[in-house]
Amino acid sequence: MFYGQSFLILKKKTAKEWKYYTNHSFIKRLSNNTLQKSKFINYLIQDYLFLIQFSKAWSLAIVKSENLEEMKICSNTVNGLINFEMDLHINLCKSYGIKKHTLVNATEKNKNIAYTRYVLNCGHSGDFLDLICALMPCVLGYAEIGLKIKNSKPSNQMYQKWIQTYSSEEYQNISQEVGKLFDNAIKLRLGKNYKKTYKWKKLINIFKTSTLLETDFWEMALE
Amino acid sequence: MFYGQSFLILKKKTAKEWKYYTNHSFIKRLSNNTLQKSKFINYLIQDYLFLIQFSKAWSLAIVKSENLEEMKICSNTVNGLINFEMDLHINLCKSYGIKKHTLVNATEKNKNIAYTRYVLNCGHSGDFLDLICALMPCVLGYAEIGLKIKNSKPSNQMYQKWIQTYSSEEYQNISQEVGKLFDNAIKLRLGKNYKKTYKWKKLINIFKTSTLLETDFWEMALE
Amino acid sequence: MFYGQSFLILKKKTAKEWKYYTNHSFIKRLSNNTLQKSKFINYLIQDYLFLIQFSKAWSLAIVKSENLEEMKICSNTVNGLINFEMDLHINLCKSYGIKKHTLVNATEKNKNIAYTRYVLNCGHSGDFLDLICALMPCVLGYAEIGLKIKNSKPSNQMYQKWIQTYSSEEYQNISQEVGKLFDNAIKLRLGKNYKKTYKWKKLINIFKTSTLLETDFWEMALE
Amino acid sequence: MFYGQSFLILKKKTAKEWKYYTNHSFIKRLSNNTLQKSKFINYLIQDYLFLIQFSKAWSLAIVKSENLEEMKICSNTVNGLINFEMDLHINLCKSYGIKKHTLVNATEKNKNIAYTRYVLNCGHSGDFLDLICALMPCVLGYAEIGLKIKNSKPSNQMYQKWIQTYSSEEYQNISQEVGKLFDNAIKLRLGKNYKKTYKWKKLINIFKTSTLLETDFWEMALE
């Protein structure tokens, strides 16, 4: 699957970190059915809290947009997250015995805080590119992971719903659109020779840091 | 129409400014068919640019929300603005002979900048209440004006579409919901005795300033 | 006096607006002693409120800095503004019979709000360059105006203190440093060929808008 | 030492977390001379990067201030940090053999990012109180720790300079001023009965989260 040119280059620039993130033992265990249910539940609860901050980050992207086209794409993402994904997530949690009350009253763990606040602050302190770049490892990492697990055809069904979500045509389409949004946003602001700019170096750093912080999210679930 | 308790009190506290704003000669002329078309076109073009910043302000409100309920209401507003109102506005402009190209390339006038940047900065420098309060004179002022003109049954139809939009059941419902959002947000944060708090005094000032800046928006159209 | 390369180019790009701003009748009257004292007092009161938001804008520039060097320069400006200029201004006002109590309780006029909130929002919604660029017409415009009036050797002394402030070696040095900060910040982020970037076009617009909003500040004083 | 009323109450409300943070094994080892130099160097390098974000957080506090008094105190802190503490820190690092080049090129670790971005985002997403509250565990925790170690009269001198810094009269005075700033800011905004407000509950949560994230900073150094 092609999620955009700049994403491809960023992955190559952070090959080691990217590989570690997308092949993390949390993912391996999830795909071969050896992930303890309690760890997955850890993950789901924190992911609920994550989605709230994630929605805020995409809302901030609207504020930081340079044109109506960017605003529309980000706004659709916000709408999808707040009005659909949140409910899907609540239902998924329910199917694992986690009550809504538990979700709403859960406490964010430090590693969850680390990634979301880093992303939000990339937006607040920086510009649209900084913010979208910090979101990439999450959005496109999940797309890549979802598809990889699906293609490896795990024989069991324990976490099937989660796998289906991120390998679904719908999520793959969203991810491609986001990759395209990022490509276009870079070209608009940095021009064709963007790889020679100072900003591009900064974006590589943001991508790398975000990948490391997302990796910690898996770690957190296994703790 | 009842747009919430706090709005009622804020209007009373700024009675003079509110009256001037909602009875501005722009509004009078619009309702009795004496507004020059060129002035209305001035207004429509600036209002297009306004809607972009207005959408950003509501997006910022999501970032500043304290709970999922607030996020949902603000997100619905953003979605409505970016995906529906913008297109409605472009069509309305078209019916007055204003091309999309003209809208996109128009320059924000100083009085337009003044209000939108004030609102946005209330959000960036302050909290959810500061931001929503700065938005009230616009959202609820238009609701009140729309209804008043409709009830005065102007005999002509020159600006009928505009009048219909803001007097429509749909816009009135949205306005009531926003008024309720504001009431609830105040109660949550400031408690029942909110009128005795320092914050309430600050909100009165914000409401007054926003009303004056919105009044300048009418002035601008007549210039 | 040389206030930096990028400022020079920006002035040329907005020659008409720049000329109008720096030759405004407020300035002419101030220099040939025909400015009514009441108008100057109007200006001084609004300028006190302006300095508060201006200090906040420079503080925001620290938040948006990319390196310690930038942080230091902006921090020195903040320190100078809050701990020295504010007191100087209060004393200047005192010499015109304006009490501190009057300053603290004054209300920001719409045209004052317009410029300061535009600048602050350039920072909040954009990056370091957007913010510094929006500050340029104020910082360097005053330097240019101060020097021009001084060189025209006005025969009277009515507003001498104000003229001295902005034509002083100290203010001229600060202005040169700020111009250099801007030049370096542009080169760091946009490279040598910055004039070919999309960002540069955006900066020209910001500079122009800020100049127009600053011009309105003179207008406001004369109203 | 008395660092303010609200700090006292917040410490009681998070007694367990506060105790763990201020009695962390990093601190114990530092005070009884059993901390490996390599761990202390880890800490110093990360603390350099921390100070940059910390200065930005205090700069953001100026932007969020409600009056000139608050602006002055925060501005003095920024000035102290950027123009004095940074240099002191660079010298302290030098005395442990860490070159400036190493500091400038060091990479922020995840646990460092977690605390600083949490603090900054408390400011960007919230108001002055949220931001200052998030800074308290750092500013006043160090004051408390510095004094405690000094009073325990450790027989050796290995980390004496660090201990002196935070137990010094100067740092203790700053800490008391910050505690007072926080007390006054709360009283201004929330009134005398602030402990009954929704905001106070939120502040307790922020204080607790910040304390946990600061604790992780010690953990990080020991890793």
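Labels for the chains are A, B, C and D, by order of writing; each one numbers its residues from 1.
Keep in mind that, in the parts below, contacts are C-beta pairs under 8 Å (C-beta built on N, C-alpha and C of every residue); 3 or more make two chains touch, one makes a residue touch a chain.
All values derive from a computational prediction rather than experimental measurement.
Peer 1: Write down the chain pair with more C-beta contact pairs when B-D is set against B-C.
Peer 2: B-C
Peer 1: From the C-alpha centres, identify the chain that is farthest from chain A.
Peer 2: Computed centres place C farthest from chain A.
Peer 1: Between chain C and chain D, two touching copies, which fits better, same or different residues at the interface, with half of the numbers shared as the threshold?
Peer 2: same
Peer 1: Can you compute the centre-to-centre distance for chain C and chain D, using the mean CA position of each chain? Integer Å is fine.
Peer 2: About 35 Å separates the centre of chain C from that of chain D.
Peer 1: Between chain B and chain D, what's the gap in Å when you average each chain's C-alpha atoms?
Peer 2: 42
Peer 1: Taking each chain's centre as its mean C-alpha position, how far apart are chain B and chain C in Å?
Peer 2: Chain centroid spacing, chain B to chain C, equals 31 Å.
Peer 1: Would you give the residues of chain A that are in contact with at least 2 other chains, written as numbers and ranges?
Peer 2: Residues 56, 63, 120, 124-125 of chain A each touch two or more of the other chains.
Peer 1: Give every residue of chain A touching chain D within the complex, in rising order.
Peer 2: Within the complex, chain A contacts chain D at residues 56, 108, 110-111, 113-114, 117-118, 120-121, 124-125, 209, 212-213, 216.
Peer 1: Write out the stretch or stretches of chain D touching chain C in their complex.
Peer 2: 52, 55-56, 59-60, 62-63, 65, 68, 71-72, 75-76, 78-79, 82-83, 86, 120
Peer 1: In their complex, what parts of chain C are in touch with chain A?
Peer 2: Residues 63-64, 124-127, 188-191, 196-199 of chain C touch chain A in their complex.
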